[in-house]
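Across the two complexes that follow, subunit A remains constant while its partner is subunit B and subsequently subunit C.
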Partner chain A sequence: MILIFNLTFRLALWLLLAPLLPGVINKVKAWVAGRRGAPMFQLYYDLAKQWRKGVVMSTLASPGFIAGPAVAWAAVTGAAMLMPLGPAGGALSFRGDVLLLVYLLALARFCTAWAAMETGSAFEGMGAAREVSYAVLAEAAIIAAVLSLSVQTGSVSLITMLSPSAGAGAVLLAAGLFAVLLSENCRVPFDDPNTHLELTMIHEAMILDHSGPPLAAILHGASVKLLLFAVLLVQAVLPMRELSPLAAAGALAAGVLTVTLSVGLVESLMARLAFRRVTLLLTTAFLLCLFALLVAWKGGAK
Partner chain B sequence: MSASTPFALLANATSILWAEVPTWPAAEFICATAAELKRGARLCAWFGLPDGSGTCLVAVLAFDADNTLAVGRSEPFSGSYPALTLLHPQAHLFEREVWEQHGLTPEGHPWLKPVRRTSGNAPANGEFFRVHGSEVHEVAVGPVHAGIIEPGHFRFQCAGEEVLFLEIALGYQHRGVEEALAGGPHRATMSQMETAAGDTTIAHATAYATVMEALAGTEAPLHAQWLRAMALELERLANHAGDIGALANDVAFLPTSSACGRIRGEFLNLTALICGNRFGRGLVRPGGCGQDLEPGRGAQLIERLETALAEAEQAVAWFWEAASVRARFENVGTVFPAQAASIGLVGPAARACGLVRDVRYDHPAAWHRFAQAPVAVWPSGDVFARARVRSLEMQRSGEYLREQVAAPAEGDLRSELAPPAPNTFAVALVEGWRGEVCHAAVSDDAGRFRRYKIIDPSFHNWSGLALALRGAAISDFPICNKSFNLSYCGFDL
Partner chain C sequence: MIKPLITISGVGMLASILAAARAPRLWLGGVLAGAAGGLGAAVLALSTGFVWEWRSELTIGGEAVHLRLDALSALFLALLSLIGGAGAVYGREYWDGRAHPRSAWSERVCWSALVLCLGVVLLTVNGLHFLIALELSTLSAYFLVTLDRQRSEVRAAGWLYLAASHAATLCLLAFFTLMAVRTGSWELASMRDRPELAPLFWLALAGFGLKAGLFPLHIWLPSAHANAPSHVSAILSGVTLKIGIYGLVRFSGWLPMPPQAGWVVAFLGVSSAVLGVAFALGQHDLKRLLAYHSVENIGIILIGLGFALVAMGQGNARWGRLALAGGLLHVWNHGLFKSLLFFAAGSVLHATGTREMSRLGGLWRLMPWTASLFALGAVAISGLPPLNGFVSEWLVYLGLFDATLARGSSAWAAIPAAILLGVTGALALACFVKVCGVVFLGAPRSRAAADARESGPAMRGAMLVLGAGCVAIGLAPVLFWPAVLRAVDVWNPVWGGAATPVALSSLGMLHVALTLLALGAAGWLWRKARRGGLRRAVTWDCGYAAPTPRMQYTAGSFSSIINEWFASILRPERHEHRPEGLLPVSASFTEHTPETVLERIVMPAGRVVMRVSTAARGLQHGRVQSYLLYLLIGLAALAVLVVLGGGS
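After this line comes the complex of A and B, so read on.
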């Protein structure tokens, strides 16, 4: 009974808080540019609007066009439920849950790419091709990061892995994971979430033909994913177990806010990378995580 | 060099009796034109003029080094003639246009298809150049775009992210401007000229007014020339500021993007300060100007100009100082100088390839005979160069305006124009912000337009965009496109 209550509460927290992050990022960007900007809750309004709309579906598309976003949303939400939340710990913790998390994220990507290819549009095929190409490198970086945490703590369970500080490798890990966060969530300098130019899009190009509730699922799923990466990054770096529950909760919230503000600042002050340079930056992120792994393995705390 | 040409020479903004324009049989006319182009002339205009049962071809050439223009024509004929394009690629769109409008077939033209319309069909229905191969895929963009822009179709032949070939199809707007001008000037003609390409109002209106003045054998009062020159530079400043902001926006560099959008408005408001309209409509009129800079507003103009220029300087400085921006622009979308010369690029796009090509300098008319802004050139031919030339031109136009506002020309605002001379050919070139705006008119026995031809700089430069994309990444198309920022409506006349 307590488990069900716990799960429901967590689910509500993830689903309701996630759309706030893009709102904060956009506020930061507007503030730097000297504009008032869209309301903080704009994504909530957009989701409500999309939810009320009908779905336009190509006659060429199979039901996968709808199923893709649905499965992807469920996978990302599932991954979020595996994530321990500071002092509250994990609700569904088990040995090896970190592997499930990685695979759920991969499943979500597969489904989005699959749905993108359904209409046979050149744009969406191009977007899907780019998304999976860059994902190869981003996933390598995530796995290296997970391995380093795993070596550090001698565990393959998120709750144990994320509790202590990442030690000497924390800075490397933070930098690597932040780059991965930007890439995985289609932020500048990897992608431009505001662009209307189909030819330069990665993620946005994949969802051009989606409308109504499936689009709402995609948008919401993307915000949950952003929150998921922010929470992962903060917990991987901060020593959660060593703080009092209240301090840990505060540190987690402040950490997520800091990450979000940083995303907004990067987006305000940096131009987007040319595609041919994206691989370079992602490789750097992978190397940073790899060095964190080496530090954990050879020069770590123990 | 030009002294020995068989073509009739005339200066910019002047006229010549139609009977005095030298005439050749079609094939010899092509040879003569090809010979002049080979000697370094540039093709400004090439159009057909129906005459009896046939059509004569008319060529307007520019000898930039000699500061003179030349005009020649063929005898009226129908059927076909040897294509000039084979020798000089800069003729390729012109010959397609003449074929489409008058049915004269250029024999041996490598890519003969309509430039604006097929019978009843949209241009995209024509056949596109295709690259075959299992790795090659085709991306079709437009004519409906995601942004609020005009219609145009871009067909890319790609191998992965690399563009092998780009073909651009325009002509979706069916504006009928040239048809509307025949038999003119009509009451609506002035307004039609101001909207030939709405962002180039001053340049097109000035070119038209100059043609009317040349046909009347006079020129506008000095005070009006002074006012037109200032408005032209304000138009350049506004559009260049907008373009630099748009380039920043396309690489997601927010500081410059946000600032330039507003600064463009400041420059537009300065034009409004002169004539009451942000795009300068109602300012330029045949014989002079329709509005004057009111006394006392000169000081206000200077004050607001200084502020806007300082802000623009700052916004552009952020741009050049950001390594992430330069990495996106350098060595992207390169057009080589030899290519630029052979396809006849004009304006900032040509100057960004190191070609010193500026009507204000090469063919000065009106106020530009007395005061010129230095020509801004950059050698590298890439997106960076095109942005750089724009920012240099902004500085120089600003400097020019400072000097000119301080030293106004006295005199009348407008003089009464004599009726246009009959059977006369007149030509006017104006360096608009996008490049050379060319207007040419041939009057009939009554002094009405037998033919009025407008060549917007975009007509020359669209081929440049297609060349810039060869071998580029398809994701760099938007910044290449923005760096040229060509007009769709100026093309779809």
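After this line comes the complex of A and C, so read on.
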């Protein structure tokens, strides 16, 4: 009974808070550019609008065109439910849950790319190809980061892994994971969510043909994924175990806000990289995580 | 209880061979009875851990027939029975007597012979009988591969398969005879206490590695699997490759191991996994692509075995048990989803007559069963939850993580292996998004694809059975776990007894929950879309007015980014004719990934051997005077040897 209550509460928290993050990012971007910007809750309005709309589907598309976004949304939500939340701990924790989380995100990627291939459009094929190709490097970085946390805490379950002791490795890990966050969530400098040139897009190019409720599912899933990565990053770096529950909750919230603000600042101050450079930056992220792993290894050997 | 089942199985298979030429129905009944018997015996042995042994008075080649079924051989026997039975049903429709009046009966004979011989390989504990059965299975597989031997590429593939298999047989002949010479008997049993036998493992690795299609030894695999009829590709990939794995697991459990063995196997496993999938991404031929994925999955299995060997060398560390359990579960999983994928690819080939992905597309509308079952197999082979591929990869990962946490020398191998396993998974995902998208989604790229027809009930039924297996292992891994553990404990009894706590029940429950959530979400969204007014329109494609099927992203363009990363290994051949001038008339670009190892290493080496042999042939020309001269020279050389050697 308590478990059901716990799960429902978490689910509501994830689903309701997630669309706030893109709003914050856009506000930061507007503020840096000296504009007033869209309201903080714009994505909520957009989701509500899309949900009420009808669907236009390509004549070529199969039911997978609609099932894809739904399964991807379910996978990302499932991954979020695995994530422990600071002082509240995890609801579903078991040995090796971290790998399930990583692979649920991969399942979401498979489904989004599948739905993109449905329409037979060259642009969407291009977007899907880029998404799955760059994810190869991001996956290497994530596994290295997971290994580093695992070595640091001597554990393979998220609940213990995500309460590390802060150290030199934390800075490296934070930098590496931040780059992965930007890449996996298709933010500048990897991808530009605001661009209008299809040839330079990744994620947006995949969803060109989606409309109505499926588009809402995609947008909402993307915001949950962003929140998931922000929470992961904060918990992987901050030693929250040592704080009192209230302070830990505050630290988590402040950390997620900081990450969101940083994404907004990066987006305002940097331009999108040329595609050739994306590989280079992702390799750098991988190396940062690998160095964090080596630091964790040295630290533990003492 | 096991004996009658094995008897039914053997009698069924023998009867099916006799009935194959005249009575196809009887043949099918025999094969199915044989498969059911084998499956029943395997399930009994796996669920009870009972070891069944049977010695007969009957001798073959001067050796008494001696069969033994323990959990390890039962694991492989279960897979063989399932694929053997499903493939027979599938083959009835795929290679039916009306379309192939000349070869249908030989297909039936060879199928039964192949399944029977592989069963004998798994059961026998006599080195001589092992070799005989393996050789007979190779021959029947050769005839199955070359059923369609009017086509020259089929003959070439068959020849390569035969040559590579015999290279493997040569290594294994040396392996078994040396073992027989040193132990004084052809009987096989645990010989852990004879350290002088350890170096023999390298011969076994070469022989069984060739059979299993390990990375540098995989040269025969892509062409044989691509050109064989699809149900034959399925059994070759799903079961015959696993015989190589069976040999490696069996004899690494029975023989003392050289200390480096684990490291070498793990290294070969990692390189097979990454390079197998890298080559797969470069393919344009649907079945050749699937064949390269076999190399990848064999790599994953060997990562499990390699780390288990390393663990055994380091005082039987418990993480080795997890790694090997993951590897052995992957044997089942790969057998299931790869056979499913080959069946589905065969269904596409049957309907369209082409394996070329650039001529397919949009098949989901005409072949919904094939498309959805292929998608199921694709999710499973990419190692995604909630299907079976993820369960075994998860176990291997846990083994690797524990090896890292153990902080011994093994960690330095486990860290790169874990990272590269992640990369392999992501690459496989990229590859299968490409295949599904290009073959089944979008618009048909050719007349053949537009006129495709869904395959009949036999082919669909066989695919459904295998798909159900993938779902079952994914959703209820706890049911299969004790069986896998029994096989692992046969391999290394020291690990037996104490339980290794693994959160498989949590994983299984979450898989079920995820499946329900995903199905619910999909159903809800579909209903919502239908109610809100679902409108069909031409693909928007940013406002392009007249999209044609030729404008779709192709397999080559989809994988071009990753191919570029691996170009130094894949060595793709590119021919490009760039557009020139103000109003370019023509432009073209073609890219082809060759069989790099075969064409760049094995064939040049073969040419050198040919040249040397041709030169040596010049000595033999039929002139008696010269032969007398050779004799004189030979005698003189012997005399010199005797004079010099006499001093010492």
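For the reader, a short list of remarks on this structure follows.
To be clear about the criterion, the second predicted complex is superposed on the first by the 297 of 302 C-alpha atoms of A that agree within 3 Å, B and C clash if a C-alpha of one lies under 4 Å from a C-alpha of the other, contacts with A are read in each partner's own complex, and residues count from 1 in each chain.
As a working rule, contacts are C-beta pairs under 8 Å (C-beta built on N, C-alpha and C of every residue); 3 or more make two chains touch, one makes a residue touch a chain.
As the structure is a computational prediction, the values presented were derived from the model and not from experiment.
In the superposed model, C is the one of subunit B and subunit C that contacts more residues of subunit A. Contacts of A:99 after superposition: subunit C is touched, whereas subunit B is not reached. Using the contact criterion defined above for the overlaid structures, shared-chain residue A:284 touches neither subunit B nor subunit C, since it reaches no partner.
In the superposition on chain A, contact of A:6 is made with neither subunit B nor subunit C. Touch criterion met: A:66 reaches subunit C, while subunit B stays clear of it. In the superposition on chain A, contact of A:147 is made with subunit C only, not with subunit B.
After overlaying the two complexes on the shared chain, residue contacts for A:42 are found with neither subunit B nor subunit C. With both structures placed on the common chain, the touch criterion links A:262 to neither subunit B nor subunit C.
Shared-chain residue A:122: touches subunit B and subunit C both.
Counting contacts as defined above, subunit A residues 122-123, 126, 198 meet subunit B in one complex and subunit C in the other. For subunit A in complex with subunit C, the touching residues are 51-64, 66-67, 69-71, 73-75, 77-78, 92, 94-97, 99-100, 102-104, 106-107, 109-110, 113-114, 116-126, 128-130, 132-136, 138-140, 142-144, 147, 150-151, 154, 156, 198, 208-209, 212-214, 217, 279, 293, 297, 300-301. Against subunit B, the residues of subunit A that register as touching in their complex are 29, 32-35, 122-123, 126, 188-189, 192, 194-200, 267-277. Those residues of subunit C lying in contact with subunit A across their complex are 361-362, 364-365, 371, 375, 379, 382-385, 390, 394, 397-398, 401-402, 404-405, 407, 411, 415, 418-419, 421-423, 425-427, 429-430, 432-434, 436-438, 441-443, 501-503, 506-507, 510, 513-514, 517-518, 520-522, 524-526, 528-529, 532-542, 547, 549, 551-553, 557-562, 565. Touching subunit A in their complex are the following residues of subunit B: 137-141, 146-147, 161, 248, 250-255, 257-258, 322, 324-325, 327-328, 332, 473-478.
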